[in-house]
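Chain nomenclature is as follows: A, B, C and D, assigned in order of appearance, with residue numbering initiated at 1 for each chain independently.
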Amino acid sequence: MVGALSGNLAMEATYLKAINQALHEEMARDENVFVMGEDVAELGGAFKVTEGLLTAFGEERVIDTPISESLIVGAGVGAAVLGMRPVVEMQFADFISCGFDQIVNTAATLSYRHGGKASCPMVVRAPSGAGVHGALFHSQNPEAWFTRVPGLKVVAPATAYDAKGLLKSAIRDDNPVIYFEHKRLYRSIKEDLPDGDFTVPLGKAEVRREGRDLSIITYGGTLHQSLDAARIVEKEDGLSVEVLDLRTLLPLDREAILATARRTGKVLVVHEDRLTGGIGGEIAAIVADEAFDYLDGPVRRLAALDTHVPFAPPLEEFVLPNTNKIVEAIRNLAAY
Amino acid sequence: MVGALSGNLAMEATYLKAINQALHEEMARDENVFVMGEDVAELGGAFKVTEGLLTAFGEERVIDTPISESLIVGAGVGAAVLGMRPVVEMQFADFISCGFDQIVNTAATLSYRHGGKASCPMVVRAPSGAGVHGALFHSQNPEAWFTRVPGLKVVAPATAYDAKGLLKSAIRDDNPVIYFEHKRLYRSIKEDLPDGDFTVPLGKAEVRREGRDLSIITYGGTLHQSLDAARIVEKEDGLSVEVLDLRTLLPLDREAILATARRTGKVLVVHEDRLTGGIGGEIAAIVADEAFDYLDGPVRRLAALDTHVPFAPPLEEFVLPNTNKIVEAIRNLAAY
Amino acid sequence: MAEQDGSAAPAPVAARAAQDVELYYRMKLVRAFEERVSRLHRQNKILGGVYSGAGQEALVVGICAPLEPGDFTAPLHRDLGVFLMRGVDPGRLMAQLMGKETGLSRGKDSFLHGGDIAHGVFGSSSMLGSSLPVACGAALKFKIKRERHIAVAFFGEGASSRGDVHEAMNFAGVQKLPVLFVCENNRYAYSTPFEKQTSIENIADRAAAYGFRGHVCPGNDLLAVVGLAERVIDSIRAGGGPGLIECKTYRWRGHSEHDPALYRDQEELLEWESRDPIPLFEFYLDKRGHDINRLRAETDEKVNTTIQAAVDFADRSPYPEPEEALEDLYVGQGAAPGAPSAAVNGRRPIR
Amino acid sequence: MAEQDGSAAPAPVAARAAQDVELYYRMKLVRAFEERVSRLHRQNKILGGVYSGAGQEALVVGICAPLEPGDFTAPLHRDLGVFLMRGVDPGRLMAQLMGKETGLSRGKDSFLHGGDIAHGVFGSSSMLGSSLPVACGAALKFKIKRERHIAVAFFGEGASSRGDVHEAMNFAGVQKLPVLFVCENNRYAYSTPFEKQTSIENIADRAAAYGFRGHVCPGNDLLAVVGLAERVIDSIRAGGGPGLIECKTYRWRGHSEHDPALYRDQEELLEWESRDPIPLFEFYLDKRGHDINRLRAETDEKVNTTIQAAVDFADRSPYPEPEEALEDLYVGQGAAPGAPSAAVNGRRPIR
């Protein structure tokens, strides 16, 4: 059935294309899957993530909505409760604030308040992240608003493979999943993807690089900067840095976090979200509690500065983490 | 001018009455202060916090609104930008999710995006907290959604004195302040308040009890349970526990946090908000980074379990922190 | 589907009489349930917030009467009656209110935030208005799957001020969804009178802002409500797009059982107490030739038995075990429990 | 206030002519500014999202013309013209778009999210519709303080679907606030045509749902817009409560400069390009006896000078220093910078 499509799958795909493929394949696989959001149909989405879906599946399953994020999420819940598998889109993750109540109060509590006798198999896709001159309202990383809400799952893929595999898992999961896709990665990364269907399990982190001296725990946009930094300090300082990609932010893969912390004894958490209240605090707290005896140095965090993401290039650069800043943080912690 | 009122001030006042007094006095002091929310006028609020204001200040300054939290906050911003000092009420803190976007995107970024040439002297009052059979939607502690938002200030008084003094400071502050009042404390605590005007500075924590063996860092509803627990372990175990009341949650009083951590070398963070994503993670991370060399044991957290606050009494009891659970956590950590 | 053979339809007059008796029973059941709940609250057997719908039974019964199994309903906090009308077991409903293991939410949530999807009842969050987008989503499913079902969302005139209500009605209009919005206009939102909530007379008039029809009806007149509901629901079911019915009614008790409602005019209360939907309907039954004294006695007995059984069941039911607080947050990886229409059931329509 | 003595009002005819010339200048200034911004974006001198209001100048100029200093305006993302009409310095506005230190937000935010409260221009967040509650708050201040000012909130027909718009209009109706809502109906919200956003013909008809009056007007006809705006604003200022004006117009360019807008019918575009507000108004000026060729030349020169000066100023202005990213998050403990009305200024009305 997906014959024509799967012919392409072995080819190189961008992060964006990987998401698009996952949507195509899941819609073909399960007729209860449908897509809803602003400009997702004829336009194919502001970033072209939903391109081609309208032609392939028709306007009953690819629905352009009015500008109403609360309705979009709420209607997703209503359809999901009756067995549909809606994939709803926030045009930018920033606007998720307008659908906030429906996510944290209607969707996240649904199974709980129905005594486990109702489910909400919905995915909320939200293009997040900075570094594209988006300023205050097109650069946000809102993940930590949701990682504190039981009943939700939260994912943030950093590779094209994960983008595709995690989206498929999210769609097949019976719980509400918030899927943050980093828009700076859309076209900046490309990978060969395997042919045919594959999934990436929710809740499992992945060691992207093994190391002995120090662990970086990260996800999403800063994974690549962290890997670059690890390569630089290996070459220039002879440091062996392990890099753990969380991939799923709720539930956290505590085992993987503690394993890497115990292995190297030094932890640097890196994320593009702001420092204060970012998920780094939670991770540092877990490490400082459960791996305390293994620590050879303070648990450090490198994140965006505690402000909004500003517009002028020198300001944005100053606020966001980048490879150089990570290199410096690694050196500092290694020298501790 | 507040003569008739101030006659009463030296008397014993509940936490609730202290808030009510602060509103009366600030409205008398500054005619730009006004109050707005659902049922705040004739009813005097669902908890009677705004009782008497309508009679004293008339319906132009004590405004019953339709049920529209987004409007309530947004209109607060508009009035505040023009020099008014609105104190807006969410009937329960839980419903702040419906005014979420206006708080985090309109109010919190206002000064920043106007290049410092506009201000938003608004207070959002929100009765929060569990332990009153409120279940999922009348028990929430949503503070950590806001402590990660620069541009906001967040307070959570635990005593009648602070409730009054912090509210006055919040009203006089030129920035948006989210003021969480714990509804279990409304009538359960009483204090003699000093006569006349007094304020409590924003951003300053307070050591409620000095100690040598271990520090509890807490705020709001769990302060009293923590103090009780400290007394119990002193008597029964001879342990000397320091208790720090944060009072303001954004900005955090890092100096006070680090001072107590360095003094005792063992930190237990306690809050009624859920463990994962609660402000305890942030505090533990600060301690694990900046007081690492002083630590004699892991940084521990005691908080509500990672679920929603359930209704049936055995469930609610199981989920929420209480004095016994704190006693146990102290003993565990002390024995480390 | 193949035509049903054999079973002849009952003669119209007899059918009408049976339906009337059934409606009467339902309305009295709801009333008695409401009253019992208030009493149990005073006895501290029901904790937390209790929001009585006493006085508003006619509209709940009337709107639900024409509904069919598989239809979706999202009641508001005052709508115990919707649960009873959709066929939710009264014992489980009572257990829900008491926080017992056998309740709809297994003790997790209170009052009407627990639902019963198998009977087509969605347990709304507390956030007023938030169930209207949800109902649109249910209706969207019916549309996509070409099912002849409808979704019904109940909301107060107070909740009508929330943005979600607007977003939902607008979307319903654009998509021509099979959804019925029911505004229970009981003149107060907690202490706030209608005039301070909005500056128009009828919430129903807002339907025009979304391209569908609004209807106002006397909410305490069961006959009027049923008649209108049948007409509007038939049209929605036939693909005519959304509808809005505003029922003018009145909240007899305080906002919650904690509220003495001192802000209300006693004259107004008296006036509306005299518009009690039950005697009004008895008057009609009498006119229709029912032996009203006998019917009342029989109905009361049946009602009392049902309610006592429900209370006994709930009373006997245990509280959940503490550790269950951590269950039900997530459902497993298997098929969704609230799966497609087969699972969604409800009462046969009363007609 | 004491009556102003001395200065006689200019003779009506001359005043009218002067006003017409001024309006013409403003409209051309806005158009030229828009076009220059698009060019600067192509030249990579303006980064990020740029949303052209080209083609919609008449409505912006027409609505703002009757405004007075102290009035409050909340423009939408396509409303550069509102800034220019309220007296915001074109150089600072250009610097804002380029992210320069001298811009309204000192480089903090992009495009139109920076405001200038001193000139009564609120910088809205990106979240569509969110400025309507804010405008209600400004209007509430005017009401509480008994100031004869009004607040104006602009929004697109797309934004009209957001809950905030409903909550704001409802509150404005209840409180009879001095607020004017202006819907710029340009037929598209990004790629989504009006028919997929709502199922009614006029957003203005929604005013009835909130107890005030709505007006539809041809948004590219400056004369029509000014005439209506004067009438409606006078009534609001006089205490008549809120108003809603819907201007039918069209977005000439893509949603943003990145958008080729392939989803649109070229016929439709052509039709609307031919409703260019500038020649339409020139036609009128001609009828009124102005020497239109001379006026055009003079105006163009003035416009070009102003814009070139603005670009030069912005070009010369430095970027902010990196560390400034941490400034302006909070204001100090002194008096609010955006203090009461004295500080709120704007252009004198053009009339």
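Here, a contact is a pair of C-beta atoms (placed from the backbone, for glycine too) under 8 Å apart; a residue touches a chain by one contact, two chains touch by 3 or more.
From a predicted model like this one, the values you see are computed outputs, not experimental measurements.
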Relative to chain D, chain with the most remote C-alpha centre: C
Pair joined by more contacting C-beta pairs (A-D or B-D): B-D
CA centroid of chain A to CA centroid of chain D, Å: 38
Between chain A and chain B, centroid-to-centroid distance (C-alpha), Å: 32
Computed distance of Cα centres, chain D from chain C, in Å: 47
Between chain B and chain D, centroid-to-centroid distance (C-alpha), Å: 40
Residues within chain C bordering two or more other chains: 105, 108-109, 113, 125-127, 161-164, 167, 170-171, 174, 196-198, 329
Where chain A touches two or more other chains at once, by residue number: 66, 68, 70-71, 94, 97-98, 101, 105, 109, 112-113, 136-137, 150-151, 306-308, 310
Chain D contact footprint on chain C (complex, rising order): 161-167, 170-171, 173-174, 176, 195-200, 205-206, 208-212
Chain A partner contacts - residues on chain C that touch it in the complex: 72, 103-106, 108-109, 113-118, 122-127, 130, 132-141, 143-144, 151, 163-164, 167-168, 170-171, 174-175, 327-341, 343-344
Residue numbers on chain C that touch chain B, as the complex places them: 47-49, 99-101, 105, 107-111, 113, 125-129, 158-159, 161-163, 189-192, 196-198, 263, 319-326, 329
Residues of chain A that touch chain B when the two form their complex: 94, 97-98, 100-101, 104-105, 108-109, 112-113, 136-137, 144-145, 147-151, 250, 252, 274, 276-282, 284-285, 287-290, 292-293, 295, 297-301, 306-308, 310
Touching residues (chain side chain A, partner chain C) in the complex: 32, 34, 60-61, 63, 65-66, 68, 70-71, 73-84, 86, 101-102, 105-106, 109, 111-119, 121, 150-151, 153, 172-175
